[in-house]
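Below are the C-alpha cells for one structure; questions will follow.
When the chains are written out, they are named A, B, C and D in that same order, and each has its own residue count from 1.
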Amino acid sequence: MVIVIQCTDQVGLVAKISGLLAEKKFNIVSMHEYVDNGENLFFMRLEVVNEPGSELLGQQLRDLLPAGALVKVNPNPEKKAIVLVTKEYHCLADILVRNHFKTLGASVQCVIGNYTHLEDITKRFDIPFYHVPFGDPATNPEKQMLDIISGYEHDYLVLAKFMRVLSPDFVGHFPNQIVNIHHSFLPAFAGANPYRQAYERGVKLIGATAHFVTNDLDEGPIIAQQIISADHSLTAAGMVKAGKEIETAVLAKALRVVFDDRVFIYKNKTVVLE
Amino acid sequence: MVIVIQCTDQVGLVAKISGLLAEKKFNIVSMHEYVDNGENLFFMRLEVVNEPGSELLGQQLRDLLPAGALVKVNPNPEKKAIVLVTKEYHCLADILVRNHFKTLGASVQCVIGNYTHLEDITKRFDIPFYHVPFGDPATNPEKQMLDIISGYEHDYLVLAKFMRVLSPDFVGHFPNQIVNIHHSFLPAFAGANPYRQAYERGVKLIGATAHFVTNDLDEGPIIAQQIISADHSLTAAGMVKAGKEIETAVLAKALRVVFDDRVFIYKNKTVVLE
Amino acid sequence: MVIVIQCTDQVGLVAKISGLLAEKKFNIVSMHEYVDNGENLFFMRLEVVNEPGSELLGQQLRDLLPAGALVKVNPNPEKKAIVLVTKEYHCLADILVRNHFKTLGASVQCVIGNYTHLEDITKRFDIPFYHVPFGDPATNPEKQMLDIISGYEHDYLVLAKFMRVLSPDFVGHFPNQIVNIHHSFLPAFAGANPYRQAYERGVKLIGATAHFVTNDLDEGPIIAQQIISADHSLTAAGMVKAGKEIETAVLAKALRVVFDDRVFIYKNKTVVLE
Amino acid sequence: MVIVIQCTDQVGLVAKISGLLAEKKFNIVSMHEYVDNGENLFFMRLEVVNEPGSELLGQQLRDLLPAGALVKVNPNPEKKAIVLVTKEYHCLADILVRNHFKTLGASVQCVIGNYTHLEDITKRFDIPFYHVPFGDPATNPEKQMLDIISGYEHDYLVLAKFMRVLSPDFVGHFPNQIVNIHHSFLPAFAGANPYRQAYERGVKLIGATAHFVTNDLDEGPIIAQQIISADHSLTAAGMVKAGKEIETAVLAKALRVVFDDRVFIYKNKTVVLE
C-alpha cells in the first residue's frame, strides 16, 4: 500500500507520521521524504504493508497534519492509462510491450491516433485503437477524444509522440494527468522541429524531456530528462533517428515513477522520490 | 551538526529518533535513512542545528536504540586527512587545490610520497611533504610512515595513486580509514596494470573505483565508481591518459561523501546517504 | 553499397583504394578507416554509390591490396538473423518491434526458444517460433536447432537472453556470427548469476555487454558495453529489473553496428567504425 | 607534424592528398576526414612524421586542392594561451595544474583577472597575473587587456569563468581564438544566472558548454557540452556547486581538442575530428 503526503513543513512531522503508523501496527517497508526548505513544503512517500484499518488511515493522517495537507492512501496502485499517438511507433511499441508483460505499472485502456499508422501494432496487442483525424476542425476532434476517453477508466493520458497541440479546454479536463515526451532537452528547442533547431545550432548533445502538460506549450513540470552525444557527423535526420532511442527511454522512466506514485508537483516543478 | 546511526532495524525507529530530537528542540535540517531489509539493518544520517545539550545527545540516542547501535554525534564535521602518493600528479593536485580553497571537506595535514616527484607541487600549496622510499625493506618504510602519521591529527588516509601494496599490519592501524583510487572498474582488472589488461580484453568502457582498503587487495568496500567510453582506437597508453580524468573525478566524489559522514560500511559494502 | 577491407597496413593504401574508386567512377558517400599501428593492421569501411561494374570491384581491390586482404563488397546490405531466447521478453520484444518496422537493419527469419514463454509475442509479429527443450540431452537439442537454422537464410544468430551454454561444436558452425548479450560489465561477473555477484560485491554501477560468442564462455570479442548507476538501495532483484533496460539498449546498439557492416574482428577484439 | 585542411569537397580528394604525401615520403600516423555533404565541405586532419621538405608541403597541397582551400601545416603544435578570470578558481586551477605538468597542450603565458582573487593561486605556479578592474569605464579596461596581451605570444584566449561581456571591438581582435565556458547546456539558459534559471525551471539535468566567442552573446560555435543529473533536492546553490565539476571537465575537454588542432569552424558550428 502506497501513502503519499504533501503539506506545509513543521518540526516533528516525521515523528508524528511514523508514530501513528507504529501505533496502528502498519509495518513501513520504505519511506522517502523531502523538505523544500525555501518553500517550507514537506513531501513523503511510504510503502506499508496493507492491514485492516487502512480505510481510516487517510483521515487519521489528515487530522495529524497541518491544514491543507494532501494525503493519498492507495491500496491498489495499478493505474489506468490512455495513450495518444500520431505516426511514430517507438514510444507506443515500448508501452504496449511493457503493458503486455505487466511491467508498465499501469494498464493501457486504449490508444487514440490522429492517423491510422499505429492501428495495426496496437491491435496486435489486443488493445482498442480509435482513429480521430484532426484535419477538419468542424469534426471537433478534441470532443471526439473526450467522448472516447470518458468511456474508459483513466488516471493518466500519455502523449507518446502525439504531434498536435491540445487546447486549454481539453488540457483543463486532465490537470496533472497528461504526460508528454518532447524531443529536446527543454527548455532548449521548445516548439516545432527541435532536431532541426539543434542541428542548426550545432549542439554536441541531444536530449529528450518527459513533462506534465499545462497550457504553456512545452513549459509544464519536468519529470525526467536525458541526453546522448551528438557529434558533427549527425545530420538532422540522424538526430531524429538517434533521438528516438532516448525519447523511448525517457518516457519509460517518467511513466515508471508517475505510475508508481513517486512524483509530486508544485510551482511548475516535480519532486521525484525514488 | 551531523548525527550518524547504524543499528539493527526495529519498527518505530524513525519515530523514536525524531521524537527525541523534537523533544530536545533540535531542528532537523535534513534526514536520510535506509533500511537493508535482507540484513535487518537501519542506517540514518541527520543534519541538525547545533544546540546546547548536544554533548548528551549521543548517549540519549544509544539509550533509545537497539543494543549495539553505532551512534556518532559530530559537532565539528571537518576531517583531517593525510595523502599518500607515488609519481602521478592528477589526483593529488585536485586534492591540494580543493584543500587550498576550503572545498575539500577535510584539511590536508601532510603528503607522504615514496618518490620525490610530487614534493614541489605539494610545497607550492604550503603543505608538508615527506619522502619515504620503499626500495630497501631494511629501512622499514611502513614504520617510517606510521611515525610521520602519528605526528598529525588524522581521520583518513587517502591513497591518491599510491602504487605500493600496504601490509596487513599497516592497514590494521586504520580500519575503515584508508580510501584508495583503483584505476579500473572493479572487480574487473584488479591488481597490477589494469589498463593493459583492459586493452588486451578489448573493453568498450574503462572505469575507476574508489574503495576502502582492507587486507584483500582491491577487494574492500566500494564507495564510488564511474566509467568513460573507450573505443578501439584507444591504445593502452591512451587509456592511461583518459583514465586519469575519471580517476580524479571518482576519488573527488568519494572523498566528498566520506568527509561529509555520508558513508556507512557493512558486509564489505557501503551505504552512501546523499 | 558497402565495402569493408581488412589487411596488413602499408604506406599509401588509402591513396590506392580511393584512386581505384575514383578511376572506376564510384562516388564515395562515406569512408572510415583505422590503423592499429601496434599490429600493423588496416581497416576500412566505405559506402559508395552502386554503379555498373561493382561485381568486379572486389577482385580489383584484392589485386591492389597486400596479400591476404579480406575484402567484402556488399551490394545488398540487409542481413538475415535468427534469434534464440529462453524466458525473458525484453530483448526479443525490442528486436521484433524494430524488425516489424524495418529499422533493425536485418530481417528476422525465426525465433527458437528452449521454453515456450515467448511463442505468443513472436507469433503476434508473424514470425515463426520453434520450441526446442533442453531438458533431455537424448533429444539432442543442438542438432534440432541446427536443422531448424539450416532451413533459413542466416547471416547471424542473436542470443537474446538465451540462458544455455552452447557447445563448441555448435559454435563452430557460426564463426563470428553469434552475438550474445551478457548481463554484466564483462570481464567482471562472467558466468552465472552476474547480478547476484554484483550485489554481493557492492558495486556502484551495473552493466551489460554484447559480444561475439566463442568457445571461451563470456570471453568473445566485445562489441558494445554500457552501464547504469546502482546505489546501495538496489537489491539483487532490483538490479535484475534495472539491468533489463541496459541489456535491451546494449544489444540494440551492437546489432545496429553488426548488421551495418561496421564491426571488424581481430585478436579477440573488435574495431567498430562509425 | 599536424596538417589541417578545409575546402570544397570533390571526388578524389583523399586520393590526391594521400598520393602527394606518399610521393613525398611522408609517413601518415593518423588521418581523420569528414565531409559535410549538405554543405559540400571537406575537412581533414593528418598527423605525419616531420621530414625534410615539410616547409614546401602547404603550398604543394594548396596547388592540388580546390581554390580557397585552408591548409595549415603545423610542425610545432604547442599553442600559447592567455587566461581571463574573475573570482572562481576551479577552471583556472585545473588549467594551471595541467600547464605546470605539461599536459595542457598549450603554454599559459599569463592570467588576467578583473578581480585579484586568483592572483595568489596563479603566482604559486610562477605565471604572471595582471589585475584589470572593470569598475570604471574611464580606465578603458579592454584597452588595458589588449596592451597586456600584445606583450605575449598568443594563439588563444581562454575565458575561464570570466564574468564580463566583451565588446565587439575586443572580440574582433581574436576571431575564432577565444574559448569560453558557459555554465549551462546552451542554448538553454543563455545570459546571466543560468543556474538560477535552471532551478526555477525545475530541470533534471544541468550542463556546461564550451564555445568560441562571437559577438552574439553565448551564441558562438559550440566545441563541447556535457551534463550531470540534478534531482529536485538540488537548490540553486547546490547547482552552482555541482556545476563547477562539469564546467571544469567540459572546458578541459574543449581546450584539449582546440589546442590539438582538432576543431574546424564553419556556419557557426564546429567539426571536431578525434
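Everything below uses one rule, namely that contacts are C-beta pairs under 8 Å (C-beta built on N, C-alpha and C of every residue); 3 or more make two chains touch, one makes a residue touch a chain.
Being a predicted model, the structure only gives us computed values, none of them experimental.
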item: Between A-B and B-C, the pair joined by more C-beta contacts; value: B-C
item: Same or different contact residues where chain D meets its copy chain A, judged by the half mark; value: same
item: Length of the line joining the C-alpha centres of chain B and chain D, rounded to whole Å; value: 35
item: Inter-chain centre distance, chain A versus chain B - centres from mean C-alpha coordinates, in Å; value: 38
item: Residues of chain D touching at least two other chains; value: none
item: Contacting residues of chain C [partner chain D, same complex]; value: 11-12, 14-15, 18-19, 21-22, 27-31, 33, 35, 37
item: Chain D contact footprint on chain B (complex, rising order); value: 89-90, 93-94, 97, 100-101, 121, 124-125, 245, 249, 252
item: Residue ranges of chain A touching chain D (in the complex, touch as defined); value: 34, 36, 38, 185-189, 201-205, 207, 221-227, 231-233, 235, 267-272
